[in-house]
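A, B, C and D are the chain letters, set down in written order, and residue numbers restart from 1 in every chain.
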Amino acid sequence: MQPDISARPLRVTVWNEGRHEKEDEPVAKRYPEGIHGAVAAGIEENLGAAAVVRTATLDEPEHGLTEAVLKDTDVLTWWGHKAHGAVDDAIVERVAQRVLEGMGLVVLHSGHFSKIFRRLLGTTCSLRWRSEHDRELVWTINPSHPIAAGVPSPIIIPEQEMYGEFFDIPTPDELVFISSFSGGEVFRSGCCYTRGRGRIFYFRPGHETHPTYHHPDVRRVIANAVAWAGCTSPTQS
Amino acid sequence: MQPDISARPLRVTVWNEGRHEKEDEPVAKRYPEGIHGAVAAGIEENLGAAAVVRTATLDEPEHGLTEAVLKDTDVLTWWGHKAHGAVDDAIVERVAQRVLEGMGLVVLHSGHFSKIFRRLLGTTCSLRWRSEHDRELVWTINPSHPIAAGVPSPIIIPEQEMYGEFFDIPTPDELVFISSFSGGEVFRSGCCYTRGRGRIFYFRPGHETHPTYHHPDVRRVIANAVAWAGCTSPTQS
Amino acid sequence: MQPDISARPLRVTVWNEGRHEKEDEPVAKRYPEGIHGAVAAGIEENLGAAAVVRTATLDEPEHGLTEAVLKDTDVLTWWGHKAHGAVDDAIVERVAQRVLEGMGLVVLHSGHFSKIFRRLLGTTCSLRWRSEHDRELVWTINPSHPIAAGVPSPIIIPEQEMYGEFFDIPTPDELVFISSFSGGEVFRSGCCYTRGRGRIFYFRPGHETHPTYHHPDVRRVIANAVAWAGCTSPTQS
Amino acid sequence: MQPDISARPLRVTVWNEGRHEKEDEPVAKRYPEGIHGAVAAGIEENLGAAAVVRTATLDEPEHGLTEAVLKDTDVLTWWGHKAHGAVDDAIVERVAQRVLEGMGLVVLHSGHFSKIFRRLLGTTCSLRWRSEHDRELVWTINPSHPIAAGVPSPIIIPEQEMYGEFFDIPTPDELVFISSFSGGEVFRSGCCYTRGRGRIFYFRPGHETHPTYHHPDVRRVIANAVAWAGCTSPTQS
């Protein structure tokens, strides 16, 4: 219902570390197009013509995040896990500057420990975790927030890695979701921030050993988050 | 850039006490269509076909806010000043329930003391004031917020009633604007809240003795606020 | 470590509906001094000479909340459940005014539906609930907050009524605790607000059918909350 | 009125760049004990035996901020201006880790551009400024906050450097003061954050060319902020 103040589609870049898919056969089978492929497909199926999606991965030159690519990106999504340290500091700083200028950033799951997330938030971003077979329930606590649109409360994810509090992050500007796990742990799993002129959303679900990025509700939330994070760009110029 | 998730235009009801215009000739001259007429025109000129605007005033039956009208309203704007006490408590409660269910509410200027604003916020909503010839500067402190889109920082309003801190409101969920006045006073002049499923925006500028609602930047902010407050409705059904 | 800026002890009034204890024998056995007696004892054992505690109940004249008592109270705690409707509106308003002037208010468990809590917050304060034999885990998400001092994370409460999201409250100014229950539900169970000059804390645990107010960690949190809510009074005069 | 839960005085380290005092005679005359000397005296005169204050400056070995000193510090105050770049990155990181572990940090005036402040907040921390003869008025917008205790609203500072919005910081967890200047600019001049387990307060007033740190209200606010920021330490061990 918000008036469409720009006819231009949102330019989205889906970034993925992309190492598990190369080195771990079950992951490769679960995500034959890579985790980035699944994330990109989820955004496309939900936003349709309102978004143009490309992907980039760690092992491309400049990790696929050249000045030109970032300049042409309204929202960047970020998935990384075991190779956070391999991301070049200069490129982290380049991404950080673009966020502060107004580019949206959607950080997924183990991206909580990425250099870019910690650079922008300033805290350790540490948490409890357990890689067993927990069931995750994702509860909406802000039902009119646009990122929660169209998903049930709770979203039920049958098997997941557990993340638990204390999650060492700044108090979110808006908290949208809280998860619980089979062990009784809780986690702030949908967190909105504005930093500089850019919007940041952290969304917890998703692990390379589970088919989370094929889950329709998870895909819907990521697409909603991309739309939300991209909402500010027209005011930048 | 946010995808337009509904083709339906936003249904806006502009509410006005409407007494000054009847009883005070300079106000009648300044606002020949009433303050509601000026506010409605500002929304229409900014949102165009994305909004359908009607008006309602205190002296209509049920103050023009029947169950049917409210059910057909996505966002209500509110201007009142000298007749807050004449608003029927049952209708205040009716409006409050609709906000909690998801209707947006944009409260203007002296509406800070309206029954509906105090009912929803819970505090006294008192403030300092002085009706002289202050110049108001409205500074944007959240430049990527959609309500600040398209207006300069500061917005310059040559003559205004002064409102000063301490403004006895709950800490806003988001603070968008801070004003200063010729006397050096400051005021939180653009405040966002979510209450229940409804979004509320308070915007300070505007007084019956000044042509504020003809000011293009003020009209733009009110229209932006209407779009923002109406953004949640599609998720309600 | 905060310097003790006043030698005067904190004046605390523990308010209780007090009906279950009269009408329901198991409750009377569980709380032989009333729920108010248990809450008062918990505050005294934790704050010692730093607090002077009295109690008041619904069936006393003016519910024990005369002008004189309120004037002599720095922090009021509130427990009610089945007789919210029996609390006189004029006394609710009297309490509300005192909170807005600077008196602290600690609302416990089923007090979420009390008139005073809804009056000050403005929302419905509704929630999901189930009265079975859930285990509650109360996780600290703000470990340096003074209200979380000295308690483990999680606090383990073996048997409890379940409260679940969506809890229809304004976004807390500070969120200190999140609970989970055996059924996988989550709940914002420790919520700080400032309204006017008064501090409000809502704390979820506690039900007349469980011995929650004898639990040492629950008592510690309530005492911490009383100290926190009373922290502002010296600046009022 | 908050019970004094520790008899141990607060250990405060007042840090100062200390270059203007050496290189600029009017500054040396205005602050014969250095800016750090004036800040330390203001804390001592307000907190008395509740605090033990030491100082440290840029040109000492390790900038006076050895592991031992930081370990023995509950709250660190920071003033820097023209030599931010001379602060060693490793020591910035050492201070950041201590804040995340629970040490309080009070950042003064031009410290907004210090490495430590930007490291912990993540944004550019840029602002408008003008070094003329502005009068600053510091208005309290959170009158029951302990940092505002005992000072008038507004605090009047006859001559000051001007800082204006947009101040590129994360939305403060609590906003206590807003300043206005002779030119009509506004500024969020008292900002609370929690990062990790540490509390951070930014306070705007103060410039080497004005006697701001001799102003009794400014000294009171800094002392209040030190007490507030040190309030969490007892829960760390």
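Going forward, a contact is a pair of C-beta atoms (placed from the backbone, for glycine too) under 8 Å apart; a residue touches a chain by one contact, two chains touch by 3 or more.
None of the values given here were measured: they were computed from a predicted structure.
Q: When contacts are scored as defined above, which chain pair ends up with more C-beta pairs, C-D or B-C?
A: More C-beta contacts join the chains of C-D.
Q: Taking the mean of the CA coordinates per chain, how far is subunit B from subunit C in Å?
A: 35
Q: At least two other chains touched by the same residue of subunit C: list those residues.
A: Residues 142-143, 171, 173-174, 194 of subunit C touch two or more partner chains.
Q: With chains as vertices joined when they touch, what's the shape: line, ring, star, complete or other?
A: Shape of the chain contacts: complete, all pairs touching.
Q: Mind pulling up the subunit D residues that touch subunit B in the complex?
A: Checking each residue of subunit D against subunit B gives 135, 137, 139-143, 153-154, 164-167, 171, 174-175, 178-180, 182, 184-186, 188.
Q: In the complex of these two chains, what residues of subunit A are touching subunit D?
A: Going through subunit A, the ones touching subunit D are 96, 100, 119-124, 168, 170-171, 173, 193-196.
Q: Can you tell me which positions in subunit B touch subunit A when the two form their complex?
A: Touching subunit A: residues 1-6, 8, 10, 47-48, 50-51, 74, 102, 142-146, 148-150, 173-174, 194, 197-199, 227-228, 230-236 of subunit B.
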